[in-house]
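One chain, chain A, appears in both complexes that follow, with chain B as partner in the first and chain C in the second.
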Partner chain A sequence: MTLQPTLPARVEKDRTTPPRSGPSRRRDSRYEALTGYLFVAPAVVLFLVMGLYTVGYGFTLSFAKWNGFAPNWEWVGLDNYKDLLWRDPVYAPRVRHAAANTIWVMVAAPVLTVVVSFPLAVLLNQVKRFQGVLRSVYFLPYVTSGVAVFFAWQYILQPDGAINSLLSGLGLGSLQQPQGWLGNPSTAMPTMIMITVWGHVPVAMLLYLTGLQGIDRSILEASELDGAGWWRTNMSVVWPLVRPITAIVLLLNLREALQGFQTFLVMTNGGPGDHTNVLGLEAYRLAFLKNLSPTLGLASALGWLLFAAALVLALINLRALRSKT
Partner chain B sequence: MTTISTARPRPVRPARRAPSGRSSARIVVGVLLTLYALVSVYPFLWMVSAAFKDQVEVVRGGHLIPDHPTLQTLVDTWNELHFFDFFVNSVLVTLYTVVLTVVFYAAAGYAFAVLRFPGRGALQKLFVALLFVPGVTVMLPIVLLENKMGILGTHWGLVLPFVNGGAPLSILLMTGAFSAVPTELRDSARVDGAGELRIFTQVYLPLARPALITVALLTAIPTWNEYLLTRVSLNDPSKYTLPLGLQVLSSENVPHYNSLMAGALIVVVPVVLLFLSLQKYFVNGLVGAVKG
Partner chain C sequence: MRISTSRQAKYVATALATALSLSTLTACGGSGSGGSDAKSLKMWTFKQSHVKALRNAAKEFKKETGISVSIEAFTPEETYMTKVQSAAKTGDLPDVLEVHSDGEDRVLGAAGIAVDLRDDYKGDWLNEIQRSVHESGLVTPQRFKKSQNKESSDNGIKEGARYSVPLTIGTFGIVYANKQKLADAGIKQPPKTWEDLIAALRATTKKDPKNGGLTTGLKARGPGLNWILQPLAFAQLGKKGYEDLWGKDKSADFGSPNGVKVLSQYNQLTPYWTPGTQSLDVDQSDQTFAQGKAAFDVGGTFTLAFLQQSGMNPDDVYAFGLPAPKSGAVPDRALAPMALTGITLSSASRQPDNAKNWMQFLSSKKVAAQFAQDATDLPATDLGADTAKALGPTLNSMVQSFKGTPETTYDPNLNQNFQSPGYEQNDVGDILADLSPLKRASVESTARKISNLNQSYWKAAGQ
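Moving on to the complex of A and B:
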């Protein structure tokens, strides 16, 4: 971070103002440290309670069996992890199925987001008029992302909803889904992925757009002078130049696909028949929707498995970014 | 490539000759951009449409433009379905969260960027590490802890975890903004006899205004929309926020989509207005957050 440069500058300043004697300067730095602690105190106190304590508590709980009401935890060691990963005849297959669904989303959503947002940014970068307006319009899905919009999607994806009537209006009646797009097991997951992409394109598009606007004009002109057409220029000059942005977009979306489950909870609740159950949703259900069964430890363990996966992604992220810059 | 040095003098014009040049290509670009704009707003169009339909018409599906547009659905949703109360609750929760976030992390960002104290680096790393803990992993412990503390089900039970959850991003943005302030300003304020608190409030805070607005916005919008923790925390309908109000409407046996969409419109409109009026800060903040 940019903290480093300020330090040497100040040290130098101190040297050029000699009148202060040794002890008072020491008092100064003690005063500064004290103010520092006072300034971070609110943030740190809140973090100790809401962050560190809950993280520690959750981690401990992942080695126990508990239903949330019983007075004592039953310590089970690594059993929760084993049960989730392979041992339990009920949970292990559910987790595996949810993992398969999650991987599906982790592959499809990031790739499609790039496939939509890069061309969109290139095109948007070319228009002068309306660029601002269009950018705002493209941004709506991100700003409003939440329950309200998911219900709107649910509404138009219904059997007699707007999407089906749009299809028949376009003469594509054969593509209609009489059970609704989320009711049919074979269209539910692809539909959820499309909605995820719809929600992720805005930020990706914005990042590409800033990237494109940072490209030196002369590079593009050189490519043009070489006789490269519009298509060639974008594919073999612009695309490689924005590769770091593609890396960021992919990794942001991977993490979101791994952890995010709000859309799924609201729109399908994992259905029909667990066809859209993802890992985050499974952890949420184990934690909150199993009333009296002792699944809280399992829920925590699943949460920590997700954390481990997120950590691996973050390390790859760091490695990728470092090698790019 | 060698042609660059001996380039014929050419009128400077937009680099990419193709689509912006020929008018047919221009039309294609326009059509594609308009198409995606339609995709972007499509659910919103139907949301607005249904919110202005009555119970009979919304069941029939029908046209985007209502045959018998009515304000009654919105009025009923606002008054009789308690969306006014939910709205007030949402405003309160969002307001508390934003104020605390800005105060806490402006102070912390100042300390991290400007002040020297032992343990500064380690603390900073600790906050960033928080970014990698998935929300679902800590949600259960938060609920259990708040139950013990007796704040589960209250608005503060939402605000505190929301504020803490915003820490990594807010600290990142505030530290960045304060580091950009020249140290000479601080030194000369000190010479003038200003204490640390005065330097912070009168020199640094005004200069970091854009970052403060960005942090406020990036906190307000997700808080306004938050649903997961809210859903498992709140039991008392009089404390419900807008997203939970929607949840209640949708879980009726036969959801009345006109009321549901009217409620959704009430959720969405304030955020859209906020975004449109402060767009610049939003965009800068997002780009800054990702690059940071």
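Moving on to the complex of A and C:
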């Protein structure tokens, strides 16, 4: 049925275009190939220079000792990896401590992101009016996320900041943090996780919303006819149908929790003490905040360890996706 | 015909896209020119507070020589060396660089970025500079020996070389007190001993629990250790006992009774920190003090310029060296002035003679005196009899804390020879924060942890 309108046009074209000879066809296909290569050439050149070279440079650096200034690298083989993982009495304990903190973020941030964004998307999907406005409002944290917003959060969380003032105004003074929400080691990490979630919810919510809008209405109507209420429909019908999206949300958030550190750098610098140090921040410190000690190789090695961990997580996630969908 | 036109358009588009990509790559590669032309020089600094003073000096230099100097600042400090590093790679270094003295200058020297000035910076030029910092920038036999360790960041420097000329001097461990807050608490003069300081803190926090405490940039990890604990420990234990805290001998390091003693004293500050101080970096804590949210602020001589920039009148503060304990080994402990920043000649300069003239010009008395007033900072140049007049009363009061003998003077230089190669003060600062202000660890466990970390550094250095 859909082919019918195009068929006469094709026939007409075949009638008017004279058949090409063999050499002409070959010339055309060579031109076509050449054009294709020329079009992808800039991207390939850019990738080779900016991508492959950089990645290769970083990888070789992970087997060397260098402070970024010395004229020569000192090759140390796998020493950087061994030092980070178990051997060095200074670096290995720091990496273990940062890894423990990172695991907290990796578990809590993705789970909380799903817990917040899925119900939000379900509610937003059912709103009949102002859906576009509300969607924009909920997307704001993603658009505004950046260093300036993290500074703003810092002020909000200070001892005389908005959160403590709000709690006091609501008569919940006992919940106030006299040292600020980032100044108390017990609340600093949970607070950082909440801010991470705040930044991740918008994209997750949009992904869920896209998934929800793609669900066939007849499935939902069938479940209603079978007597399922709102809760049962969402938990037993909608939730399983958006499982692939949940997998994507979890994967994106796991990767960000594993490698992201900007929020921590700006808001806590790993503190108070060393209570919010994470692996990404530790790699940054090793690279740039070691008083020009030759630790760039260690930073690079830690970066590659993070890459390996991210790769494993991605493979696990892909596997889970394949088996469930 | 149509096909041919379309092909031509495709080729033109492809050629354009390729050319554009390649031009981008060329731009990424940099011009590799470096330095500047024959009648102009470039200088970089990481100190925003020095920009105006350096530009004023540059105007005078142009009047005298016809050579203009453009001054550019790159902040924050942490990113400055990354900027220098990338500029060195792309050949875009300026002629002259302001750097942290006795650290960065030697790293740049080892990398071949800083020129050895030993044949120029001597005689009259050297004598312009205060005697106490004559060794700044110089690779002494001790520094050379330490650089031989592969863990050292300046591995590769040459013995006897001079990689920088001191520009500003100063010290850490300067306490700033808000005169009004002290007066409100019934305190008429700045504390003279550690015990007086604790008593003053008790009085000011009693008077104003929220805004009467002490602040310093604990988020930066090092200040609690470097600016408070270390000068306190030196005064309490004397030079030998202080140096032993970082030594290889576990029986005399932080885990020893001496270590426990100084940590206990440091812990006396715990009730008096301004709420949330542990979440403030150095600039934020100085702003907190300038806004009247703390009665005391600990910083360095350089802090005064920032307080002034933040709207505080220098006449409204007492500035004094961190007081020593009455019962300590060195009750009259002085703070050594050290070169804080220096100027380095870049090996990329295409007019090194003009650049050296500019550097020497900055070291001259008249220019340095004007620099001190414009930057509210202490110049490395010996101003002689004009010192008090050129510095003004508050800066001059800090200079008073410099007067002492070698045995009674605490030297705040980082990476001292008695510390292990690879020693990192911020890691110790993290442990110290758990003791005070966080109250997460006891004095004894803090002492044990710092001792273990110290021994790890020695072990990692293979010594």
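Basically, the second predicted complex is superposed on the first by the 301 of 325 C-alpha atoms of A that agree within 3 Å, B and C clash if a C-alpha of one lies under 4 Å from a C-alpha of the other, contacts with A are read in each partner's own complex, and residues count from 1 in each chain.
As a convention for this text, a contact is a pair of C-beta atoms (placed from the backbone, for glycine too) under 8 Å apart; a residue touches a chain by one contact, two chains touch by 3 or more.
Since the model is a prediction, treat every value here as computed from it, not as a measurement.
K.L.:
Taking chain A as the common reference, can chain B and chain C both be placed on it without clashing, or not? Answer clash or fit.
P.N.:
clash
K.L.:
Tell me the contact category for A:G68 with respect to chain B and chain C: first, second, both or neither.
P.N.:
both
K.L.:
After superposition on the shared chain, which partner residues are touched by A:F288: those of chain B (first), chain C (second), both, or neither?
P.N.:
both
K.L.:
Given the touch rule stated above, what does A:P42 touch, chain B (first), chain C (second), both, or neither?
P.N.:
both
K.L.:
Scan A:R232 for contacts with chain B and chain C and give back first, second, both or neither.
P.N.:
After superposition on chain A, A:R232 lies in contact with neither partner.
K.L.:
State whether A:R26 touches chain B only (first), chain C only (second), both chains, or neither.
P.N.:
In the superposition, A:R26 touches no partner, neither chain B nor chain C.
K.L.:
On chain A, which partner touches more residues: chain B or chain C?
P.N.:
Touched residues of chain A are more numerous for B.
K.L.:
After the superposition on A, what does A:R243 contact: first (chain B), second (chain C), both or neither?
P.N.:
So A:R243 meets neither chain B nor chain C here.
K.L.:
Can you list the residues of chain A that touch chain B in one structure and chain C in the other?
P.N.:
The overlap between the chain B and chain C interfaces on chain A comprises residues 31, 35, 39, 42, 46, 49-50, 68, 154, 160, 288.
K.L.:
Would you mind writing out the residues of chain B in touch with chain A in their complex?
P.N.:
Counting only chain B, the residues touching chain A are 1, 3-4, 7, 14-20, 25, 29-30, 32-33, 36-37, 39-44, 46-47, 50, 61, 64, 103-105, 107-108, 110-118, 120, 123, 126-127, 130, 132-145, 160-161, 163-164, 167, 171, 175-176, 179-180, 183, 187, 196, 200, 221, 224-228, 232, 242-243, 246-247, 250, 257, 260-261, 263-265, 267-268, 271-272, 275-276, 279, 282-283, 286-287, 290, 292.
K.L.:
What residues on chain A touch chain B, complex-wise?
P.N.:
1-3, 5-7, 9-10, 13, 29, 31-37, 39-40, 42-44, 46-47, 49-51, 53-55, 57-58, 61, 68, 116, 120, 123-124, 126-127, 130, 134, 136-141, 143-149, 151-156, 160-162, 165, 198, 203, 206-207, 210, 217, 220-222, 224-226, 229-231, 233, 248, 252, 258-259, 261-262, 265-266, 280, 283-284, 287-288, 296, 299-300, 303-304, 306-307, 310-311, 314
K.L.:
Residues of chain A touching chain C in their complex?
P.N.:
Those in contact with chain C are residues 31, 35, 38-39, 41-42, 45-46, 49-50, 65, 67-71, 74, 88-90, 94, 154, 158-160, 178-180, 182-183, 185, 268-274, 288-294.
K.L.:
Could you please specify the touching residues of chain C with respect to chain A in the complex?
P.N.:
Going by the criterion above, the answer is residues 7, 10-11, 14-15, 17-18, 20-22, 24-25, 28, 78-79, 81-82, 85, 88, 103-104, 107-108, 110-113, 150-151, 153, 155-156, 210, 218-221, 275-279, 281, 414-415, 422, 424, 426-427, 430-431, 433-434, 437-438, 440, 453, 455-457, 459-460.
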